[in-house]
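Below is one structure. I have some questions about it.
Letters are used for the chains, namely A, B, C and D, taken in the order the chains are written, and counting of residues starts over at 1 for each.
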């Protein structure tokens, strides 16, 4: 039993977009998260690779769960950079995220997204982001 | 008639993931693209806002189309940074992308994503990315 | 008279590294800052262009001052992305920063860095960053 | 003897800005670079910490040398994201960069910058960037 993982899966189950994608939360520990996403036709672009938007979506998920493991559950705002490195071809995508540094209200997270085929992992994207607990808005720009 | 827009829409129609999201290409000109995404329950997170992954996906689309308008159609690899600024609540998302600078093989693009409700636009995310035409791979890291 | 500009210049004058570079604060208003940096041999790389680190440094300055104009003076932590677009050749660099969105504790800022020669501005780098007021540290990763 | 390190140090010695900072190239191997920067009063901000611009500059250096180790010497254009995580206080900064993925014309690099005091390393910034060999310019935006 892993209460943190159970709680994370409960959050994931409440997100309609995560259900649409089919994202699975495989590991959730302090400062670390692993997410899997089985690939299917719906998630591809015109050349048969996973769509860039799918990689971005998974990156956003990984940031949120890894960052949330460090900061706790609260209203948080993300910021991330993602570098695609190779077209993503495989049976599933696997995102591994780890917290580089966490303060009280802000965590810096790094993650890699692999395409997995026949047990072989190939790096498809590397990302880095921050997640910040927000105070109340001061003004709207 | 706008041949560039027609060609862009034809590419979009070939992308299964774009169809799954429901992304619409509204404007495609030299160095500029506007994309719309009607929001529906499937695209939300647990609090009723557009999921961060949806914003990321739309950012990826906007980068690709604006960058492609500057560089032409070819195998390209993206890299982007996205800053969420406000929860996205509305009838649709609208991403406006413009090319800041384009060389022969690399374009820098900026884009904003608004949530639109009753004619009112509210900025939800600001992003900047590059798209690069790749030479053949030299090695696999 | 502009008390915000005067206060900003006073902060700049207290920073030994800003003096080493020779950074000048030309404009500081609510949500906007312009900084100039006269180029000299010391600030170049081996080909006679401004060193990439100089552009990064100026980007960091611009983020801090524009973000500080929105958030007020406090301990803040920056995060930024910079895209170089062209080698920087000129008499000076000029960074123009504007706040895209400011909440109570976090501002998103965009800025462009031009190389200026004989009155002509050429874009050399485009950047986007966030600056966040930090709460007390919770843990050290 | 390490011909790659010797060649890298020769490049560094030709950069006036690197001399102004005092950057030292400690390690240069295939896909890896370590740079050190002794801190002195000139490199600080008003609170006695290393200036954010110094961290950015060192990040730019580390990206260039690690990326150059993978791509070879050529005209390259960088793009990077840097997350400061903690004020930098120490005798020197140490940047460790490693290549995450390298193609023929583009490398993705990650690096950490530590502040070093009495043998203790404390992470101050985490960064990720790409360096791209450019074709000839097509147009000037």
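Please note the rule applied: contacts are C-beta pairs under 8 Å (C-beta built on N, C-alpha and C of every residue); 3 or more make two chains touch, one makes a residue touch a chain.
Note that this is a predicted model, so its numbers are computed, not measured.
Enquirer: Quick one: point me to the chain whose Cα centre is farthest from that of chain B.
Expert: It is D whose centre lies farthest from that of chain B.
Enquirer: For the interfaces A-C and C-D, which has the higher count of C-beta pairs in contact?
Expert: Output for the comparison: C-D.
Enquirer: Could you tell me the distance, in whole angstrom, between the mean C-alpha positions of chain A and chain C?
Expert: 31
Enquirer: Determine the centre-to-centre distance between chain C and chain D, using the mean Cα coordinates as centres, and give it in whole Å.
Expert: Those two chain centres are 19 Å apart.
Enquirer: Residues of chain A that contact two or more other chains, please.
Expert: 77, 79, 81, 83, 85-86, 100-101, 103, 123, 130, 137, 140-141
Enquirer: Show me the residue ranges of chain D that touch chain B in the complex, using the header's touch definition.
Expert: Within the complex, chain D touches chain B at residues 31, 77, 79, 81, 99-106, 130, 132, 134-141.
Enquirer: Residues of chain B touching chain A in their complex?
Expert: Touch residues, chain B against chain A: 11, 14-21, 41-46, 51-61, 64, 77-86, 122-123, 137, 140-141.
Enquirer: Which positions of chain C touch chain B when the two form their complex?
Expert: 81, 83, 85-86, 100-101, 103, 108, 110, 112, 123, 126-128, 130
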